[in-house]
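Heads up, the next two complexes both have chain A, just with different partners, chain B and then chain C.
Here is the complex of A and B:
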């Protein structure tokens, strides 16, 4: 394969990922600005009558709901990913850089144990006792992502921390902070970026699946996943109320995955 | 690799598995303790009449200290005694027995199809590396990999069940005897397969591509070993170890998938039992199912780690 050909193919995949993710992302972030007044409720599950995509299970305009329904999914997923790293980064860095075996055990062993619990199960368990809102869902999804993220940070940082450069910095009397953040932290950025892409895709999956199962959302919330769930009863009469939000979720998750895959390939692995 | 090395790895891994099992049991139990205020009042929720609160307190023995309840509950678990439901008063074990059949059928069918489909696609893509088939398989698996089951499922139902009317849209009316109605199983299994097949085939492809480009594969070809034999007896075994581990990781996914798919296609399995119990805040049923699912995951992951360790003794498997 010639260089120009592979470059062209790569640019193609990059723009494909961008194009797929752009539609749901723009709708999610800018949609609420254009949604306007909800207007009076009409008959449920009808087509036409001034409603571009018909009405939903309680007679709201489907297009209006589509405009409103992406924000929670996207923002909850972004917050959960950021929160997971907020905990995983210090835990992973400290346990990679410490010389105290015991401290490392105290930090990492509980996480190994947490890894055993299936993620959706943990979310449902908590949801059966508390009724978490969107913030609670973000916290929960972050929590189930911490063990794996911390292990990856620990593995990547441990490899860098064993290099002679770090020993030299230590002997020079550099502060722990400068070694950990300035050198080790900077060296593992690429690994972290790759992991963040995979993690964001997984978080989007969990957040939307939890919302579909009714965790962290009101039963009539304006949320794409909730729309898919609640409007299923009218699938025979009014498929648009289900198909449009489902397609948007597919585009969002697929596009994110394709985009990160293309971006990371350019930066890393292959020259 | 010495036998002692394997044994000590297995011993360490077993210890971790035991710790994980204990942690699952403790975590599940801690849930009721975490309830703010009086647990019985909190669980009564929308119907806070005194009789119901008293019934909940009675059923969960809330008047006794927590360590006695934990001891009793944990002692009952190995004997299949999971307590009684708050809403119906039936034993939790009966709920689990009722829902077990359909879920086991779904999981077994999915696993049975997952292995040939995942390996087939992976080998196919690796054989045609860089060509159209490979790019097609790689892009499609990468794209489908990320899609939540409910979104894919609902779209498949709309097209295949409603527009084309090839398959029934749900399993409503078939009860627990799903094997008698194979048409109702096609869509659920297809949806369940979507994500694991993608991840497995990508791993097999990557492993095969690496193995086929390795010096020993080139050497075998120079000796005139036929291509098929190089592929299947030399290269494929080396792509197995990461795949075996991925197979265990898919248990987590299968579990998530089963819950969603049962809800989507109205299949009366364990996932449906769990979701109903969550909606009704029937804590003993949720706890019983969580222990079963959690321990199952621990055991399967343990098995896969040991198998993967056996396949690649030099790779350090975390334990």
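Here is the complex of A and C:
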């Protein structure tokens, strides 16, 4: 009875998360295909007149901008998160499983230094020197996320690596790969998934902020974050140009967290 | 036996509760300086008889018979759980001074304090409590069980007791604490005080008692000097008690070839030396028990042998060749030769994979067996250890602790090891399961010719399985010898 109830609640949360995350994700990935011709520019900050969501600060159609502006934000954030883990996982696992104190120091200490630098400051600093594109921004955001992620992997894996199960695997002569990925990696999956949910949100926020500040994108680029920034001035005349892209970013982060929660809960319940 | 100098005597005691006799027709003479032991299973009337000496009876009991004490013959009682009779709110010093102060009242006011103090210190010395100054400042809960027991004993001695009734003083204690209790009671008896020992621990009785009374269902079935009773028990019940006791220890192993040898080992933990093992050998087909209290370094010894603890100098030789300190550097053959079974079986299994898959990996990795052949062998071995096919395919979370410990044994056995190290593998299990695992181990040594076993344990029953016993105390190997010699005669335990 309670089981079916909790199952129903769980399914509800899962589909809610999916629904919330699907809207911005689909818009971001498929939007550009349906955007069509930008058409002639109209008067700035107007409502109606053939424009479903009005016009923006330079008189472009807001709906068209929304369709075009998601891809960079979402792809940069996803790429940055994946990239951060690509580095953090091996570093964290190696330093958790090694018995060589020096190797652990060599791997972890430089990351601690990086951790001490405020991430936005680092991005702005690098951006002012190199003026990176979208790919460069993804790299930068990934870089500032590596220390946190590596520390979390290291801490979670360290706890698992100290258990007798790992000693028993060594006693069986298991390969490093099997121990590190097959056992330790698998055991810390829940922690990692929870961290990935938060990290993706943080990365989205950072990418948006960077775009908002003009890093990685042109000042009038079609980008949800840039839209929020540029259209602020007309907020009271034409709110949709700010509210719609802002809501889409919120939906993406909230939906991601809901989705991760639901998936983890399902995993946790399995005996 | 001369009855003239008895300090206490019980004649034809009968204690009845609700018409049922719990003690029936018991006679007992307590002689000064002698240890009289009442032996029997729980519920045989030992404690009731012992308490009768204090004039204590269970509520609602109907008592007939005669309990006589000589003049001034105070009786002290050391209960099985001494914490219950020590006021937890007061320091040990206060508890003892309360008794000593009235005794010094006859002295001039200025001398009372020092006299009372001297009496307290003397009593503590007699009760084998060294480091009295520090102990006096502690509260009872800050003492170990053994120390609490000795404080109660000191109280009794301070009162000038002529008879001490010790109720199961060694139950639940490790071997070394037991030997200290034996020492301390022997010292008490040596001072001319009569000791009445109520115990079902035959090791202690044999080491300590002069006279033994064997009780069963409230009656004394046999009594006599301890040597006579041990050598030629007359009553059938006594014989059964002694047989059950003697059954486990086995004869010396025929001297096999040395398999494993330890030379000049000094193991450290964070720069603190935790174990010194100058020399230790393990012969093939031999079962060696390493006993000692928790924290004595016995697990470190086992971990050094298995390559799980690398911080030691010295050598571990397998067939005369030195093994690398860390198992990461041991070859497959070396890993297979020395296998280790962990104390906590549940923690030693990967929770995500079925047990049989994990067990089979040993054969795949260490002996190069094919996947299918390894699984078949794993299933056969698990079945022989009492785990069905269905159980073998479950995940660790769906098996009990005892079943997992069997699976862990199977996992180690699939390496076809020459040396199997078992670290307290029965300590978390109930007695029936423990018995089962111990029988299994005994069978392994018997059937698998050449398999040597190292049992790390604090439990005498487990140690009894061994041919030889090594006693570890405070990081030192204090005693090595045959199981019979160390455990039975108690030579090794009195260190």
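Operating definition for what follows: the second predicted complex is superposed on the first by the 239 of 271 C-alpha atoms of A that agree within 3 Å, B and C clash if a C-alpha of one lies under 4 Å from a C-alpha of the other, contacts with A are read in each partner's own complex, and residues count from 1 in each chain.
Everything below uses one rule, namely that contacts are C-beta pairs under 8 Å (C-beta built on N, C-alpha and C of every residue); 3 or more make two chains touch, one makes a residue touch a chain.
Not measured: the values here are computed from a predicted model.
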{"item": "First, second, both or neither for A:168, with chain B first and chain C second", "value": "second"}
{"item": "Partner chain in contact with A:86 - chain B first, chain C second, else both or neither", "value": "neither"}
{"item": "Touched partner set for A:19, first chain B, second chain C, both or neither", "value": "neither"}
{"item": "More chain A residues in contact [chain B versus chain C]", "value": "B"}
{"item": "Which superposed partner A:187 touches (first chain B, second chain C, both, neither)", "value": "second"}
{"item": "Touching partner for A:151 - first (chain B), second (chain C), both, neither", "value": "first"}
{"item": "Touching partner for A:99 - first (chain B), second (chain C), both, neither", "value": "second"}
{"item": "Chain B and chain C contact sites that coincide on chain A, given as residue numbers", "value": "none"}
{"item": "Touch list for chain C against partner chain A, complex", "value": "306, 308, 310, 326-328, 332, 335-336, 339-340, 342-344, 347-352, 361-362, 365-366, 395, 397-398, 408, 411-412, 415"}
{"item": "Residues of chain B defined as touching chain A within the complex", "value": "16, 19-21, 23-24, 27-28, 31-32, 34-35, 42, 130, 139, 142-152, 154-155, 157-158, 162, 169, 251-252, 255-256, 259-260, 263, 274-275, 277-279, 281-283, 286, 290, 293-294, 297-298, 301, 318"}
{"item": "Chain C contact footprint on chain A (complex, rising order)", "value": "99, 163-165, 167-174, 183, 186-187, 271"}
{"item": "Chain A residues within the chain B interface of the complex", "value": "1, 13, 112-121, 124-130, 151, 201, 204-205, 208-209, 212-214, 225, 228-229, 232, 235-236, 239, 242-243, 246-247, 249-250, 253-254, 256-258, 261"}
